[in-house]
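Here subunit A shows up in two complexes: once beside subunit B, once beside subunit C.
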Partner chain A sequence: MSVILKKTTNPRIAVAIFSLAVTLPLAWLIVQSFARNWRFPALFPPESSWRAWSYLLDSASGVSTALLNSLVIALLVTILAICLALPAARGIALHDFKGKNLVLFLLLLPILSPAIATAIGGHALFLRYGLTDSYLSVILAHLIPTVPYCVLTLTGSFLRFDVNLEAQARTLGASATQVLRFVTLPSIAPGIGVSAVFAFLISWSQYLTTWLIGGGKIVTLPLVLVGFQRSGDETVTAALTLIFLIPTIIFVALTARFWREN
Partner chain B sequence: MMIKNSLIFLNLIFLCLVISACQNSKTNVPKFTAEDLAKANWQQIETKARGTTVNFAMWAGDENRNRFFQTNAAAALKQKYEINLNIVPLGDTAEVISKLLNEKSAEKNENGSVDMIWINGENFRTAKQGNLLWGKFAEHLPNIRYYAAEAGRRDFGTTIEGLEAPWQRAQFVLAYDTARFAEPPRTIEKLGEWIKAHPNRFTYIAPPDFTGSVFLRHILFHFGGGAEKFQTFDEELYKEAATKTFAFLNEIKPYLWRKGETFPNSTKELDRLFANNEVDFSFAYGASFATERIGRGEYPPTVRTFVFDSGTIGNYNFLTIPFNADNPAGALVVINYFMSPEFQIEQVRQIGSVYPHNLDALNDAEKKAVAELPRGAATLSEAELLEHLIPEADSEYLERLEKDWREKVLLNF
Partner chain C sequence: MPSLLVIIVLFGGGLVFALAGSLGFFAPVGESAFTLENFGRIAHDREVRAAFIFTLILTCVSTALSAVGGILLAVWLRRQMQKSAILKTLLQIPLAVPHLAISLILLNLLAPSGIFARIFYAFGLIDAPSDFPILVMDAYGIGICLAYILKETPFIALVVLTILVRVGDEFEQAAQNLGATAWQRFRFVTLPFIAPAVVFSSLIVWVFTFGAFEVPFVLGRSYPTMLAVAANRKFNSTDLTERPEAFALAVLMTIVTTLFVWLYLRFTRNLVEFEKTSIF
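Up next, the complex of A and B:
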């Protein structure tokens, strides 16, 4: 049975199908972002146009500001989410205590409940503490869906981590910071990397939360994108989507390199 | 141990950040209210607004319109009133309403992030019912005189009472492609015949989509004896007209695109079907929509629009101020400027919208400027639009029709 399977599933075909599935939609987005008068049944656009790209580069579109906002917020959210998740993950992975399952459940609750409920409920809560309409409030709000993912991935890293290594390093005379730098962090680095990617991409794609809690004062890329997506201007939507995908493409490329090297 | 401590330290810093953010400084300047507006003269308002920033929440899905507001409109406001216009882009106006509802229940009565909103219809009704609006202001704006009196009375059957100011005019039109046929059917009866003679070539947007719903109201008016009868809700009239409407819709259903088993969900989807030559008609609540689509290269240049002989529904859309606006004086000045002939003429020039004013209120120079405005090839003439303009129905009809359509047409196999 396994022999037959091995013969029939040529890995090259699988790779080819997978690459097509990834690249075809991207290729379509690129073509669409330059297309003009592209209608069924034409296979390729009859005319090309810079309309979408020149609009996005125009400061009047607000895309450059939105891009910067998205980037700064996502980076800060990533750093904060990991700092918050590290102690929680360590505690859950390395210690047994009463109510551990309850703590885990509470930590995961924000991603188990529907996003719209978290967003609207979060908005009500943030309003009560006067925490709306600012950068800080948007960053705090983005932590709600990101921290659970970071806790999950980092718990996995700590489960595979042998704490005795820390003690050994200490007996060999390493200082606490040296232990952190040369023992603990290298062991959990892949976990930190994965949770950073998660946190960044989740923050990067927040729409309703950013809009409600930022009050529209903090305009990020999804806020600009959704307007065009809903209005049906496919050319501008395609160009914006490509910009929106840049971090994902970078992360995929980095991961691929990481795999090749290791 | 150190590792844990340093992490605890980091999290403590974080906690301090949160706490410091919570202690928002509260300003104790008394709020400028609609009562103050009634007592003030306009000059005082303009002085008060000078040097401020106005956050304008508007639907932002159109490249030309965004560009016009971010550049031309913002520059004019800066130059004339030293006001900074900041656009808060919306994917859907309902989002700003749910934000305000949340803020209302949390008693955030000041320092709101939005000073003015482009609004109409159901969103206005929700806002009015939820007391989400700043107050009666429209009659105090100098430029209200350019609008016909009925423009400020009712918005989809909800009485306005000065809570929002009329801004732009919209009218339902249908689009067809002259490259496919020369003459479109201009009555509901002829449209019905056309649909039966051309199976698979017509569809309409499923209510409760705004545009799908307005299409149905034209059929309701047709079978109910005209728009005038539908200004206040009458159960008997509704039942009679709706029965005929649904009979008509079920009769044409098997001849619709995909045999009426499925309907497009939005203007966007109907547009795509029309542009891709899968159906022969598109429609929208906006007389210049086909011209805009041709300009964007989505429709072929041979597309034209038409209205029904019995008329098409038209209304205004409005500008309003939310209850917790931080800068109501600034919003009033911007709204008043947006209602001026100067702004409206420029807007028609830049984005091809329809001129909304009562032309009798204009001076000779303004009349001349309006008469010389360019008009997109696919936009009907002002005279033809006005001649075929019919009013909206009471919103009760709208709700009933949307609800019953689902049961009597969509789920009727």
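Up next, the complex of A and C:
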């Protein structure tokens, strides 16, 4: 046993602190979403109410439309981003070519560029071709950060992939589709899963891009959320924030399982 | 590669249009001649100047605090990390929380009549909401800074932890056997190992905070504000002549980002590092 690690402390304290830091805001959101007449200095709400939740379910609030928009856009963006990213990731991981550093540079730039710069430029571009205020333009705009992100994460998967397996399968008589279906895809499946979840979360969280490119006509969850916050309705904002956090919670559950298994 | 095409057409195309707009080719206001006037105008604009200084200070302060916090967290957690999958998951959570969500939560928790103010009141520390320190919508961007520290400290800690676990502690033991104090072990053994990781994760955090929109939009004032919020206001201004200025700001922000991406690539030459940058 090493000298320094002998002082190994029980991880319980750290786990307790972090769990509290995560669960307390969540618990507050839940309580707030059911609260009525909850004003300073009351630590707990005096009355409870289903108002916020029944209002969100009511089609008049526009939340269901926004939720559907967010889901459809994020799903389409995820699928498109993965399909576009797979060949690029494979190329980068398995082949050495001139200008590889330039390609990496081009991939990092859209991920790290401020959303405002990408959105303003994208708006001017789409305006020129009459694409603004449409689902297509919003999806295209969401692809700007997600595609390079997926390329980089999938590159990691392909780096660990033994390409000789494909050749071996071919020698054993497998067709190209069979190789893809039974050899390549299963080995990079975890990478695809991680990239997909990330791409979904990135698209799901976009506020500024959707707002500018969609011209306020394509209404997604973040847009409605800011709207309620601006109107000062804390109860509805809290309830909607909880809905907005569902993909994050699913992501956390998935990574927890991933770490436990590995 | 189709994905490069997407990037070049959508990102590059947008950039070209923004550049053209900033250089005097924005048709809706009747411009069609090359000019650097828009850049001159934003250089003398009071709002932009204030936003520039505000952004620079906030970005540097929150990155520095996140880096220090991340290192401390990593060194503290290192002894407990060995088997704890829960700890690793917990550290990943802030990365997956959208900026908008963390801003909305902080806005309500830290408000003068928020939960923290109520707890202070319950303990008799304050008598009224007005006694509570102004932490959101404040003139110094404390709320914005807090949001970023909460999000980025765990990120830097995770990157540093990866290195610490990989290196092990044999070198520190050797130093200890040779009589090095705890501080000397950290300064001359641990720090040189983690320095590259700290630098490259800090660069990412810096760039992300530099382009921040949602957090200052929700948690900040309209003046002074951060560059992205100022650019957005100019872009949506009813006065269309302000739009070319927004293009100029977008171009300048992209140039700064490009510089940092170049710096980042100089620090991380190998590909494997890229997959660890689970960033939003």
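Assume the second predicted complex is superposed on the first by the 245 of 262 C-alpha atoms of A that agree within 3 Å, B and C clash if a C-alpha of one lies under 4 Å from a C-alpha of the other, contacts with A are read in each partner's own complex, and residues count from 1 in each chain.
Convention: a residue touches a chain if its C-beta (ideal position, glycine included) is under 8 Å from a C-beta of that chain, and two chains touch if they have at least 3 such contacts.
These numbers were taken from a predicted model, which means no experiment stands behind them.
Novice: Once the shared chain is lined up, is A:256 touching subunit B (first), subunit C (second), both, or neither of them?
Specialist: second
Novice: Classify the contacts of A:60 with the two partner chains as first (subunit B alone), second (subunit C alone), both, or neither.
Specialist: After superposing on A, A:60 lies in contact with subunit B but is clear of subunit C.
Novice: Which holds for A:198: it touches subunit B only (first), subunit C only (second), both, or neither?
Specialist: It touches subunit C, and subunit B stays clear.
Novice: Now for A:210: first (subunit B), second (subunit C), both, or neither, which partner does it touch?
Specialist: Neither partner.
Novice: By the touch definition at the top of the document, which applies to A:70: first (subunit B), second (subunit C), both, or neither?
Specialist: A:70 contacts neither subunit B nor subunit C.
Novice: Which holds for A:78: it touches subunit B only (first), subunit C only (second), both, or neither?
Specialist: Touch status of A:78: no partner.
Novice: In the overlay, answer first, second, both or neither for which of subunit B and subunit C A:219 touches.
Specialist: In the superposition, A:219 touches subunit B alone.
Novice: For A:144, using the defined touch cut-off, is the partner it touches subunit B, subunit C, both, or neither? Pick first, second, both or neither.
Specialist: So A:144 only meets subunit C here.
Novice: Between subunit B and subunit C, which makes contact with more of the residues in subunit A?
Specialist: Here the partner covering more residues of subunit A is C.
Novice: With both complexes superposed on chain A, which partner does A:33 reach: first (subunit B), second (subunit C), both or neither?
Specialist: Neither subunit B nor subunit C is touched by A:33.
Novice: Across the two complexes, find the residues of subunit A that touch subunit B and also touch subunit C.
Specialist: Residues 39-40, 84, 87, 120, 123-124, 128, 140, 207-208, 212, 226, 229, 234, which sit in both footprints.
Novice: Touching subunit A in the complex: which residues of subunit C?
Specialist: Interface residues on the subunit C side: 1-4, 6-8, 10-11, 13-18, 20-21, 76-77, 79-93, 96-101, 104-105, 107-109, 113, 115, 117-119, 121-122, 129, 169-170, 172-173, 176-177, 204, 207-208, 210-214, 217-218, 227-228, 231-232, 235, 246-247, 249-251, 253-254, 257-258, 260-262, 264-265, 271-272, 274-275, 277-280.
Novice: So in the complex, the part of subunit A that touches subunit B is made up of which residues?
Specialist: Those in contact with subunit B are residues 35-40, 47, 49, 51, 55, 58-62, 80, 83-84, 86-87, 90, 120, 123-124, 127-134, 136-137, 140, 166, 175-177, 179-180, 184, 207-208, 211-212, 214-217, 219, 223-224, 226-236.
Novice: Which residues of subunit A touch subunit C in the complex?
Specialist: Its residues touching subunit C are 2-5, 7-11, 14-15, 18-19, 22, 25, 28-29, 32, 39-43, 84-85, 87-88, 91-93, 101, 103-118, 120-125, 128, 140-141, 143-144, 147-148, 151-153, 155-156, 159, 198, 201-202, 204-205, 207-208, 212, 222, 225-226, 229, 234, 237-238, 241, 244-245, 248, 251-252, 255-256, 259-260.
Novice: Which residues of subunit B touch subunit A once you look at their complex with the stated criterion?
Specialist: 1-4, 6-8, 10-11, 14, 17-18, 21-22, 24, 55, 57, 59-63, 66-67, 70-71, 87-92, 95-96, 98-99, 102-103, 105-106, 108, 111-114, 266-269, 271-272, 275-278, 296-298, 300
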